[in-house]
């Protein structure tokens, strides 16, 4: 359902077809260029991005997905050449809003390159999982959601043309699914981190993420700057 | 020459033989167990360690070398089983003294494991070199000293029995040589980092080193915690 | 249905069995040795070849498939030892006819070796895909047809005995399927290339393909002639 | 000796020391920012560049070396942030001047990134060597100069700080040595290419170099765009 | 069914759901901290352990499973920080009780690290399989149980959070399944080892396992101490 | 059905169960120690062997399967320690009987080691396939039977305990299936070899197989004796 | 010294310079196109070839060196495009003359491709060394000559331009040195092969060499046709 | 000097030439077939072997070297086909004589294969070095002798023809040098092992060596039987 603050947004109809069945009655708000001015995403927002590929200097930002953790998602299409998105920028920079990502390193670099704003403070579910789930080496979002939340999410649209002017329903559903579970994952991962006494080291790792992303953009993407090599 | 504060220290005789010729009249003060109480190493001290190997849970700390950058070195032998060295600990923890290392990650982990003190603040010439000397992938101490300072240092004793009760002259000369050049390297590297606008990112990397060392000791030594894998 | 210009050609019956069901009522014209004299393939023809393998000096050309993009295909069997096919040669050399291939490098080398004619001008859907679809590293024909056209094509007969005197129905259907989609793919890929400003660089790459194929035949097949090695 | 057209250039003194002995009485003209307006480099100029490293988006152009093949070299220092060098730009773009490089792909990308001008026409001694000298896989400049010209050149300064404000004599001598032999190499390589019937394919490869360099800058540096992968 | 000696133990209900169907009416006794005092596991006990991961110095012991080979299993949860379990310790050290493991090397190291007791005497079904089943390189427990006993066991819960305070039914069923088959496997493997004259060499390998586990804990986990390297 | 010459042989009942359904009414004659004296396998016999593994000096011969190409198979169990089998030996050495194998190199080495007789003359369907089927790199028996004969054979029992005193029905069916198709494969492969002018080179390769097997047994199993290394 | 039968041959002067000193007073007869009609090379001739590289379909034969084992060598330059050399062809095909090569596989393929004659009978010192000298994996000609004959030969000219019209003295000396030692090596290797009972298997390997060379030319150069892959 | 018990042994003359200079006045006693009956090698004997290579089933034992640690060596040539050497066998089996080897695993397997006697008790300087010298990964005999004893030994003759009927002086000197230092190395390594608390684990490793060698001969030479794979 489309809430008042998003009057001019396209509301993605509750999926009826088989492909989308697992996203039951999910509400997706689609925007072009930026979040609406009156969007209220709370003090802890899950964020993910879709780009044209993994090479930062080549593959532009196409979509930013956000969720306040209430089962709804805002999907913002970014135009080719667009270099400002004031509402998103304000949110990224807001020190009172925690930004949840899965593999934040990539997303915050992409967002910094697109809009010149370094996100913070940050929580990264991939790093949290590496520190908490020592019993496995599978730390993909799909793995986390399956084991910790008991859901199956599809990654089939991950490699698709996010630069297309009109995204397909499957793309929208996929994009949204990447931010709908991060709040719940954080709750589970924090409990494990605390149980094993690794909560503080996780915070220190999160704290270095902006520097790590800056190194990526500056030309050290391939290097583990801390390695002996 | 043996200075007053180190009255009970063994002074390594100025090397006469060919092997040691390049360390001309170098003054090395040898201590057992700790620095003397009245040691004064200034506000910027170069530190290196020698261990029985590279496996932290197995290979104990044997030697700590320190230099205030005046061409002299203090070499402290650490006994097997020793878990305290108050003067060294105080120095490591002193927030007003910058600690210079080459590949600090290893040394601060070793020192933390030996004495329970995490060193700080830190400057690492290997990281500085990776950020400043983009024109090469050789960031060993020997490489830095050769290119930036025009000296040749020998690494021949690097793999020797540092747990031996009495170190050879060659070992002492080698141990000292690892701390004698760090101040000069820092000067050169800082100039390059500033020239290329990378001084700040270097500081951020140095700042994460204690967390990186803690990850090593906690069991993530093999992992780049920030990698996608 | 068999059109008039192909009076002496064998017409492959519309497939009835399950295996071929996805090629609904596809018209395949089978020829021996060359295209018929009155074949008219338009100004943009999709071409593919089947050989006895991937070693140019060993594995001879067996089949040339062509389509004008109207959903029908001409499949020409080439006899062992055959070194001329005047109608095909004329088509390959005709500067007013664009030749579409998927991985043209291989096919134009095979055709040049068989008939001594270098094809041109050329469009290669694999190169176009590498430049346009930066969000994936899957650039096989099957991948392109699935994502961009929503069809599934089978590659099961790819490795089969194309030197056999009588090709099976499955082989014919497979051979045809490799040229039926290239026109539609080109349309989609050109739109993406233009959207991202990569249309010109794609043309430059197509332009080098004859030289690249000649290098393959001259003995540099393994080398990237432009690499630093 | 310093010729009239270069009145304001620093003339590097004929090297006296052992290190430089093999560059007998070589004349090197050092310039800052651009070639002098009245420089005359003939219709065939050897060009090489020195940068801060091999990552185009990170490592800036520091030095451009040029030689008209008369045993003298012009060495131009490029300042950090400099984005124009009108005389060099004019030379690069001049269709009547052949530009000789060793591994042109890198240099023309660097120059294009620095000044926005794509060099042409081009001759690349590395590609020529790969096509002519099939009896070896050593196609470094040092290898070519040794085998074809009987000289030994040193590559010791290759990895040094070319961003330094004042280059050392060793750096200048090294920089110059990279352009002094290209004319002679071209003569030898062209003779071999013609003898083996590979002169035309070499021209075709040279012709694709601007596109190859553009692909590097656009984000396909790692890919052989023509490979099957 | 819950036997008298285990009055205060939780009895896992006979699984009704599909997931657990293959463990028909299996009896699992769940304990916290240690075996009950009156547990009687016979003179040949199958043992397996679950930990938080594979890094001994990081990943603590969470569960010890034991079976006397009668189709029932005792599952003992070990608390974080727990360093004693007298009944388990007594069993491990009892020279009159043969301990069966699959890949004993890992389990006896984990148990030694947790409780300071080296298990013995030992039988390892993985080593027995390597010596007896030369016709395959698949020596996982699942492979052995399938081929030699005709059962299928699931490894799906292998990588799950064994440190959780309350284990799921699926975890309990998995944990138990790892000890229920070892007695039967030993019978089959011993017959094969004797048939091929390899029973004695197997005993010698079992005899070295405590030393091998000690090497792992001492810091040689990565090394084959007997290799030439 | 059991023919007269094999009066004392066990006749494997025509398989009724699903697993064996594809071997319709196949006749398998099981023997212990040798072929019966009056066995008549014609002038072209397909042979396969089963062993305890792939290490010749360790893993003994367990089973020899033979077929005259009439859809029936003789399966001979070889006892541990057995070193003679006169009827098999006579057959292997008979110069008037062609022996068909798939990957003869392994089988003739195993048979030579077991009985001291080098088989000859030999036809190897794997080598024939490598020379004829250049369009694929899949030359397993299963692949050949599928593509050239349109049957599916199972390899599931390939890694099973062939040293067992009583073989299972599944093992017998599998063992037989490895010799039932070799005659038909030879017919198909010979046609292809002749069509492509490779029949003679195939014969030369077959001729070297005894030497190749002898090299394996003499200690050069890992080496390609003809390689440059 | 120039013997009568070679009246029109160029006689290479006894080397005076340091480079050639180890070839003391070696007599080298240089010919163009073929051996002289009256050349008498005995019943056992050492042969080596020089080409433009290692790709048979690309890199033509340039030089054939021959020696009858008397310390002199005939060096025959082969012109580009030359396809006949009657005297060499007669020698290659003469069944009464044993041809000695080091790594015959390459040379006989090159000679067959150049002149259409397959050499035979053949002796290959590399294969003999692999079978006799099991104590090493160094089977280069240089290694054999050093260990078995106590001489050092230079391989420096191995990679040089053998297609040049006029070969340098260093090239001629190198070319000759490759055939001067083969007779002596054969004597030593045969003694070792006989001592260890490997003389017969060596003959069998030599016998397969023409087939192996034919496989190389037919397109199986990369494959070990006898491997399981 | 030749001692009385070795009256019929050849005494190797004190080396005069440069090559052997470092074995000053070393006494080597050469024997054929076995040690003399009255040889007295004390209760701790260093042993090494030379073979025709590293493949046990192919490469026979040629030489056994022994030393009682007094700077002299007995070198025993073993004939091809020899399967008994009573005095050596008695020594190997004598439980009161400790046998020192460097990489015992290989030598005791070779000796067991040659004479059917498993050596014991054993001390292996390579294993002792791996456990004591954790600061390096260089555990070759040459490395040990250099670091711990300050001598340089040559390995140049390591790969030579030990099956030759008459060994060269260089071979004899090399063979002897491999046993002359083992006593001194043991003293140094034992001191280090005790200092670090690793003496007992070393004994346990030595104790498994006969089983490890037996595994090698039985066909598990490639496998680390204790690995998880």
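For this structure, a couple of remarks:
Lettered A, B, C, D, E, F, G and H in written order, each chain numbered from 1.
The criterion applied here is as follows: a contact is a pair of C-beta atoms (placed from the backbone, for glycine too) under 8 Å apart; a residue touches a chain by one contact, two chains touch by 3 or more.
Per UniProt, the chains are A, B, C, D, E, F, G, H = Ribonuclease D.
Nothing here was measured: the structure is a model prediction, and the numbers come from that model.
Separation of subunit A (Ribonuclease D) from subunit F (Ribonuclease D) in touch steps, taking the shortest path, is 2.
Note on subunit C (Ribonuclease D) versus subunit G (Ribonuclease D): their Cα superposition corresponds to a rotation of 180 degrees, in steps of 5. When the contact pairs of D-G are matched by residue number against A-B, B-D or C-G, over half are shared only with B-D.
A straight line joining the Cα centres of subunit A (Ribonuclease D) and subunit D (Ribonuclease D) is 46 Å long.
Distance from the subunit E (Ribonuclease D) centre to the subunit F (Ribonuclease D) centre is 41 Å, each centre being the mean of its Cα atoms.
The distance from the centre of subunit D (Ribonuclease D) to the centre of subunit E (Ribonuclease D), with each centre set as the mean of the Cα atoms, comes to 67 Å. With touch defined as above, residues shared between interfaces to two or more other chains in subunit C (Ribonuclease D) number as follows: 55, 58-59, 134, 218-219. Chain pairs recorded as touching, per the definition above, are A-B, A-C, A-D, A-E, B-D, B-E, B-H, C-D, C-F, C-G, D-G, E-F, E-H, F-G, F-H, G-H.
Within the complex formed with subunit A (Ribonuclease D), the subunit C (Ribonuclease D) residues making contact are 133-136, 138, 147, 192, 195-196. In the complex of the two chains, the subunit E (Ribonuclease D) residues touching subunit A (Ribonuclease D) come out as 51-53, 55, 58-59, 80, 159-163.
Residue ranges on subunit F (Ribonuclease D) touching subunit G (Ribonuclease D), taken from their complex, read 103, 105-106, 126-127, 130-131, 134, 137, 198, 201, 204-205, 207-209, 211-212, 214-215, 218-220, 223-229.
Touching subunit H (Ribonuclease D) in their complex are the following residues of subunit F (Ribonuclease D): 55, 57-59, 218-219.
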